[in-house]
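Some notes on the structure that comes next.
Chain lettering (A, B, C and D) follows the sequence in which the chains are written, and residue indices restart at 1 in each chain.
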Amino acid sequence: MTVLERPATSLLPEPEPYRVLGTSAEPEPGLWTRLYRELVRGRRFNEQTTALTRQGRLAVYPSSTGQEACQVGAALSLGPRDWLFPSYRDTLAAVARGLDPVAALGLLRGDWHTGYDPRAHRIAPLCTPLATQLPHAVGLARAARLRGDDTVALALVGDGGTSEGDFHEALNFAAVWRAPVVFLVQNNRYAISVPLSRQTAAPSIAHKGVGYGMPGRLVDGMDAPAVHRVLTEALARARAGEGPTLVEARTYRFDAHTNADDAGRYREEAEVADWRARDPLTLLGSELRARGLLTGDVEEEAAQAAERLAAGLRAALGADPPLSAADLFAHVYASPTPQLREQAASLAEVTR
Amino acid sequence: MISMAGALNLALRDAMAADPAVHLLGEDIGTLGGVFRVTDGLAAEFGEDRCTDTPLAEAGILGTATGMAMYGLRPVVEMQFDAFAYPAFEQLVSHVSRMRNRTRGALPLPLTVRIPYGGGIGGVEHHSDSSETYYMATPGLHVATPATVTDAYGLLRQAIASDDPVVFLEPKRLYWAKDELRPDAPPFGQAVLRRPGRDATLLTYGPALTVCLEAAEAARSRGFDLGVLDLRTLVPFDDETVCAEVRRTGRAVVVHEATGFAGPGAEIAARVTERCFHHLAAPVLRVTGFDIPYPPPMLERHHLPDVDRVLDAVTRLQWEEA
Amino acid sequence: MISMAGALNLALRDAMAADPAVHLLGEDIGTLGGVFRVTDGLAAEFGEDRCTDTPLAEAGILGTATGMAMYGLRPVVEMQFDAFAYPAFEQLVSHVSRMRNRTRGALPLPLTVRIPYGGGIGGVEHHSDSSETYYMATPGLHVATPATVTDAYGLLRQAIASDDPVVFLEPKRLYWAKDELRPDAPPFGQAVLRRPGRDATLLTYGPALTVCLEAAEAARSRGFDLGVLDLRTLVPFDDETVCAEVRRTGRAVVVHEATGFAGPGAEIAARVTERCFHHLAAPVLRVTGFDIPYPPPMLERHHLPDVDRVLDAVTRLQWEEA
Amino acid sequence: MTVLERPATSLLPEPEPYRVLGTSAEPEPGLWTRLYRELVRGRRFNEQTTALTRQGRLAVYPSSTGQEACQVGAALSLGPRDWLFPSYRDTLAAVARGLDPVAALGLLRGDWHTGYDPRAHRIAPLCTPLATQLPHAVGLARAARLRGDDTVALALVGDGGTSEGDFHEALNFAAVWRAPVVFLVQNNRYAISVPLSRQTAAPSIAHKGVGYGMPGRLVDGMDAPAVHRVLTEALARARAGEGPTLVEARTYRFDAHTNADDAGRYREEAEVADWRARDPLTLLGSELRARGLLTGDVEEEAAQAAERLAAGLRAALGADPPLSAADLFAHVYASPTPQLREQAASLAEVTR
């Protein structure tokens, strides 16, 4: 009982965030151009959706502009049988994974809570109560392993969300069960207005891993190939039965918390400018260009894909969705209770 | 003859044998068999992957069980005591109760949360809460509570087989009560008349059923013929049976252990009155725990509805005007 | 003229100026001034130690606030939205509500939990719950909810000055409603007749008051003279005023946004019926949110009690028999 | 943003639990004999209370036999203005701090929830819901500092309790606020029947500190002078404004979880025997004896103090406590609501 049961040092994160861009890492042209294309689409998605929100077509939009490398890196690292557990800010990750953008935006548009079938797409509902989706990811991952499937769950959470008890409980269960799950913290340094220094005094968020006996890894969240690499390794580790990993990506949201937020109240323009200088799109674009990998075709195709996406959004969100008040009662239980049938009838009476 | 704990154990065993998707999670439910021994022997029989001692964190238990249900399993969670289910409240209210609705039915959540509840066992602080109101007031949850060994078995099997989440409240002080186990428990949403009576109806459930039956017996010598209706499930609520009975007798008293203010009896009294107003000779009265935190063991007998308090309410049903 | 958010802000400012023991804790309440700007300017004026942006963890907020109250401070906690108070449920139920009782009065807990609640603002999932039932059903808590700017200021000052914990529910959709702020808010536990009426009484509180006043106005043209009673505090409950009024009119409808089943209206209807049975010409009816999870923004108007639904209930008060 | 904001290595625990007994540490005769006396009293307290529980004089008793070095070490390290936040197993810590044993046992006897005035004794109510007292300790410590008092809070929790979200949130708040609070985890390797390996996969519980940016320290929980020393240092650190510390004491409960528990179901007698061989009382007694510090006077005085304590318990708990049903309504609110007055009256009617 007197010695440490497990070696701890191997679990601590490297002191510097892992990077691919601007290093001597071997380029992966196919992957990088794919990431580039998705970043271009992703940026356009964020911008178009923000514009539509300003026009009143969505209830609210928490943009991930600036965080596209995390969103796209996460989506593209997943296998088809894996599950994604997004937070309310991760619509883009779902879209980059292939989900119909209009379905993905259902929650934020406001016609229903979840606009898609989570099982069909292996994307859990976008989750609003912070960190509460993390234990779901752990449970689902464990269930998959018990069933003998090689499914891995990737759960996304923000820096603020790491303070919630659910973060702690989820990571602890995952480690004790060696569940095939990966936690990606998008550390964008703010929880609405609250800066990281008021959120935690830890050396880094990745350092939280050791307290659960899982490795913590630190990655540059503006470097899409780096995010993709670190997540791919963590997912492979999980798939191989070696247990969960905690990944911290250092990133930044360029926009306010949501369209309803006034970021000028809590952060300096100079700070935003510093981070904009590390725009994930520019970083990857420049590197591709410098290496001669960004042909006109690639750029053209990416731009067109982005415009198609934007046009689709404008068309679909410009129209009013079909609504049915009867839906309010239809899915509370597998079959409505007598009381709900009464209530549905009374409402039908009024709205007829 | 089998105890209620035994009947629950049997229900779990049979459900696990019948469906490999049934998985148990909780604190001390494995090797120990649960602090009330309701899971006794199940880890040995079905393996620790099917009957799992989790880390000590109730939100984590319910949250991971939710994820398991999302993958198609049928988790059955044990909360060790009523008050220790509160840490899982957010998962229950914000996720478990809403998952089906949130996804327009695409993601049903077949999950059972077993909670030993209520007092009368001399438990210290936080070990005797009657928390059913919180669950009744949360749309999307079924709320069941057995008062007999037959219902303990039958309702638990139905809960586990249900495609909806069920909060399954087990009256702690009935765990050791023994009776014949019959195979014919009625379905969810059906109240059962445990004793017919002409003069007034006692509406009750769970741990208070025994008190009501005793009160009805005692009332006989005072010239009152009291019926006793066991609600069995609070959600769904059996308006039909309840109203038919109250309309027949014209008088009703709701009896439960939970605190009265905004408690289960409030809903029961209100809905019975809405539906049976002109059949009522007196207002529906309530005999409940007082509106206080659950008392320490040495004082709990004052708090719990007993035969005297039930009879007192019965005598206040304005008989002079009958 | 001042908005309700402004009146609440003023109440906090005045309370902080009057008593250095008053400390504010919450998410984004400092630099940002709260997502509804209720704490705007307070960190600048009183310093970050008096108006503190905490880490993002509601149980932690309420738990540490409890410790601060144990040391003699008067913490005022802001929960960002109704549903985000659920993680703090255990601290609220197992500690905040019971600390005084647990210690035979030795350790009072003067703590206010401010919770923006209710719908009608187009909020997405988890941003529009009416959670008052959970708090009403928890002995040891006071539950207050203002419907006017005068009460917003007055009740909040009283809540902070109270030596007991108060759950202070702020109707989100009234935050921007402007009115004259008067200095004469009545005390906790006193309901106020917002409109006198001879024929029936609407019993309501918080966000539904406006609807009731409009309904009463609309009812006039249909020949009904409706009174509107604003409960203001759900705990303590003003039986005296409520019953006096209902006995006078003989008819009552409870109106609230929260779901109906086991909701606040259940208690109100049940206790009014218990106390006024022979004065009632019809059962006390309820107009409430449906028994469903709060709907998405585009459908919420169907869920919220509106003038039509209130009038419909009024017409069902069995007038033919009058 | 790219480098670690704080050095992490200084926060990690030493690989071996800190020990004093059996090492070359300078003896502190006065302190050690004081600790010894309290261990003897503590053991007697546990045994007598267990016996009284068997006789039906208490509702339940979670014994701390085997953990007396932690209980006593905690109590004796506190200054008079400090606060103790005990869990349900820490009655002895409260008694060792000087609280009347009968008052301390109120909860477990069952005549009221808390049998003493927490403010008068600076001992929070014995806490049953696991880990929920930890945020209280943090808040109280912060309040004291804001008031300019040099009060420190010492909060006790079990190994099982570290899995709860409240543990996480409390430690995080404490570190962010640099609150003067010390967390002592009595790691007795079981949470009722659940062994540590099912509770956490961390290298040690003390390793959880780094994830909050607070030092984690490991101590031999059977070594009373070691526990006292580590806590004293941590309390001094907190008092000096240097922030919280997480201390893990490795210990063992010799008895079952409570009198109602059957420990034979989940642990081997051999394991219990191994730990009994490291009985904290024997360890300190032997060392004192070996160093010639355990005079007959000391032993005699300790034995007598223990017997006085036991006799007092037998006398006080043998009698029935005064009970008043009116108390049920008196303290729910500062003054009873009209409804409670009605209810109190109706009960008085019945019980009259």
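As a convention for this text, contacts are C-beta pairs under 8 Å (C-beta built on N, C-alpha and C of every residue); 3 or more make two chains touch, one makes a residue touch a chain.
Please read all numbers here as calculations on a predicted model, not as lab measurements.
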Those chains which touch chain B and also touch chain A: C, D
Express in whole angstrom the distance between the two chain centres, defined as the mean CA positions of chain C and chain D. 40
Approximate Å spacing (C-alpha centroids) for the pair chain A, chain D: 42
Chain A and chain C: spacing of chain centres that average the CA atoms, whole Å: 36
Two or more other chains are touched by the chain D residues 112-113, 129, 163-166, 168-169, 172, 176, 198-200, 327, 332, 337, 339
Multi-chain contacts in chain B: which residues touch at least two other chains? 54-55, 57, 59-60, 83, 86-87, 90, 94, 98, 101-102, 125-126, 139-140, 235, 237, 261, 291-293
Are the chains arranged, by touching, as a line, ring, star, complete graph, or other? complete
Which of the residues in chain D end up touching chain C in this complex? 112-114, 116-120, 124-125, 129, 132, 134-144, 146-147, 153, 165-166, 168-170, 172-173, 176, 327, 330-334, 337-339
So in the complex, which bits of chain B are touching chain D? 27-28, 30-33, 35, 53-57, 59-60, 83-84, 86-87, 122-127, 261, 290-293, 295-299, 302-303, 308-309, 312
Going by the contact rule at the top, pick out the chain B residues touching chain A in the complex. 23, 49, 54-55, 57, 59-60, 62-73, 75, 87, 90-91, 94-95, 98-108, 139-140, 142, 162-164, 189, 235-237, 239-240
The residues of chain A that touch chain D in their complex are 1-8, 11-12, 15-17, 163-169, 172, 175-176, 178, 189, 198-204, 207-214, 220, 243, 250
So, in the complex, the side of chain B touching chain C is made of residues 59, 83, 86-87, 89-90, 93-94, 97-98, 101-102, 125-126, 133-134, 136-137, 139-140, 235, 237, 259, 261-267, 269-271, 273-274, 277, 280, 282-286, 291-293
